[in-house]
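One chain, subunit A, links the two complexes that follow: it is found with subunit B in the first and with subunit C in the second.
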Partner chain A sequence: MSGKLRSRVINLYKQLHYMGKEYPKGADFFHTRLKKAFLKNKDVEDPKAIEKLIARGEYVIKEIEALYMLRKYRSLKKSYYPDEKPAQTS
Partner chain B sequence: MLLFARAGTRRLIQGNGARRWGSTLVIAAHNNERLFPITFNAIGAAQKIGGDVTCLVLGKGCGKVAEETSKIAGVKKILVADDNVFHGFLPEKVAPAVVAAQEQFNFTHIVAGGDAFGKGVIPRVGALLNTQPISDVTEIQSEDTFVRPIYAGNAIMTVRSLEKIKLMTIRPTCFEGAAPSGGSAETDKAPAGKSEGGDVSQFIEQKLTKSDRPELAGAKIVISGGRGMKNGENFKMLYDLADQMGAAVGASRAAVDAGFVPNDMQIGQTGKIVAPELYIAVGISGAIQHLAGMKDSKTIVAINKDPDAPIFQVADFGLVEDLFKVVPELTKLVTKK
Partner chain C sequence: MSLRVLVGVKRVIDYAVKVRVRPDHKWVVTDGVKHSMNPFDEIAVEEAVRLKEKKVVAEIVAVSCGPPQAQETLRTALAMGADKAIHVEVPAKEAETLAPLHVANILAKIIQEEKIDLVILGKQAIDDDSNQTGQMVAGLLNWPQATFASEIVQDGDGLKVTREIDGGLEVVQVKLPAVVTTDLRLNQPRYATLPNIMKAKKKPIDKKTPADLGVDITPRQEIISVDEPPTRQAGAKVADVADLVQKLKEAGRI
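And now, the complex of A and B:
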């Protein structure tokens, strides 16, 4: 693995690790799975395949971001608007 | 003392003037047979702005629609143009007609529903009138202050428009529809618009997917399927369940991109935005694009065989089970009742 790709993979791992700290099911749950997913592909050598896996990881970051956002949005909504949709208050 | 009096009078005149001259044009969306429900919401929104509401009905053989429109409560006047050029409701043809009506009657607001038709027409009208349109308005605070979502619904913005003519599309789920009867509007002919660009585009045909189920945007219950449905035929299971529950069926972008279902069923940022009481996600693991379209649902139920699917973290109820087993079972249970 060339040095450039290597650092990108490590960066991705760090980013995912950081995002997993607040995973609703617990950080441990997320981190063990994260490690497993990375170890599973540790022997991948083809740069193109690595690019693909990095893209996949970036997609997962976005998904987790969206997940946190939606969770927050829904719990806020539940506490502020007990019985109506926020957009309809007028 | 005199100064005070003068200032007071001036304000009074301004206040009166705005009310007296405030008038709103609603562009009716219809299929030449009947009005689409979104038009009632648009008229409802127009009434909130205040001032007279005028409705513009353009179409080919749209007499029935004009009649229907004239009965809507709160509509003062309707402008009708029945012409071949409006066949297929091409925005290129509709926009100049809207501009012509605007030039003749000088409306302060032009409102259309935020459906495919309104989203196509309003920007064109904006360009022709050199005015900035405001899209997807969710609330009207005053005649020039509106609320709309930005960043795919992640933030809500209150805008004050300084344009002389306020052009907008409204989000139908946020406004109550006007009563379909109780009004008696006078009917007038709409002025003909200068068609610009000639016949660059032509209407050839329209293929509609027919469905007896409620419309996605207004349904109380929405069942949607994702990539986990595997193929288009399996969606039949969802239709069966939906028919029993009086629900609408939607799909995630993954399912639409995979060609399982037509794209008018897509829920999400680029698809339809739903806010049902009950939202059932079947075989959807979670996708940002999709979440943006359903986050206002009251109760979210997720069915997925993967217990780690992210959607379980946002759902109120989750069912970890193979959907091909559970959905028919559910249908049976609902039918029994």
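And now, the complex of A and C:
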């Protein structure tokens, strides 16, 4: 793997690891899965394939961000706006 | 416009943590409990950053009053896009009795020192739910206030703020300088990413004490006791209507 791609992959791993610390099912749950996912693709050499995998990782980051945001919003809404029906928000 | 904005951030027990009362019934357990930025303050920081992206705002100053660990909360604010931070350090013991009026006095002093044009605060903190600081700051400075904002737009040389009130929305126009407090639906705060947190370590954090600002923080209130809300009593299943009527009679409801 060329140096540039390598550092991008490492940064992606670091970012996912950092975000996993707050995962609802626990950091361990997330981190073991994260490691497994990266190890599974450790032999990928083709730069195009690596790009694709990085893009998938970035997509996962976005999804987790959205998950955290929604979780926070919902729990706040539950505690501070108890009478509202879900349909009214949007 | 190129405004200087102050946002207040408070370090509170994380929203996902199950809060427990301390054995001496004077406060809740805070040791070893995860803390994070008050979610309503996150919304305030996000709004300031968005106004900066629209070129309405020139500089964002984040301020926190609290124990040494409040610095981490300020780092998060810096990572989200604040330009500099001021940490008013209050020892952990005194931070427990720090009331909205103390914080409002501290903020008012900083606002005058830093020549701030707009103050954005969370409407309330999720730990004590006081919902007073923003109003008190506006009162102390004699500035207009727009509380519970769900939309903020620039309007001439002032702001047009949509407020969430009981049963609807209210639109107010405020002249600057002004105090705005944020409601839940104002925006969706961005996530402070790892690279941004790293970059935020280079941004400046000023340290001050309430004494530097000439603010007296002796408590004006005493906490007599902190208790959990009463637990709901278990219900029971009834077999049929007759049984239900009898049970209700026993309970003295009918």
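By our rule, the second predicted complex is superposed on the first by the 84 of 90 C-alpha atoms of A that agree within 3 Å, B and C clash if a C-alpha of one lies under 4 Å from a C-alpha of the other, contacts with A are read in each partner's own complex, and residues count from 1 in each chain.
One rule holds in what follows: a contact is a pair of C-beta atoms (placed from the backbone, for glycine too) under 8 Å apart; a residue touches a chain by one contact, two chains touch by 3 or more.
In this text, all values refer to a predicted model and were calculated from it rather than measured experimentally.
Legend: residue contacts after superposition of the two complexes on their common chain; A:33 is shown touching subunit B, with no touch to subunit C. Looking at the shared chain after the overlay, A:18 reaches subunit C, while subunit B stays out of its contact range. Judged by the touch definition given at the top, the superposed model places A:73 against both subunit B and subunit C.
Comparing the two interfaces of subunit A, the one with subunit B and the one with subunit C have residues 65, 69, 71, 73, 77, 89 in common.
Remark: subunit A residues 23-25, 33, 62-67, 69-71, 73-74, 77, 85-90 touch subunit B in the complex. For subunit B in complex with subunit A, the residues that touch the partner chain are 48, 138-141, 149, 154, 171, 173-174, 275, 286-288, 291-292, 295-296, 300, 308, 310, 313-314.
Residues 11, 14-15, 18-19, 65, 68-69, 71-73, 75-77, 79-81, 89 of subunit A touch subunit C in their complex. Listed in rising order, the residues of subunit C touching subunit A in the complex are 15-16, 39, 126, 184-185, 188-189, 191, 193-195.
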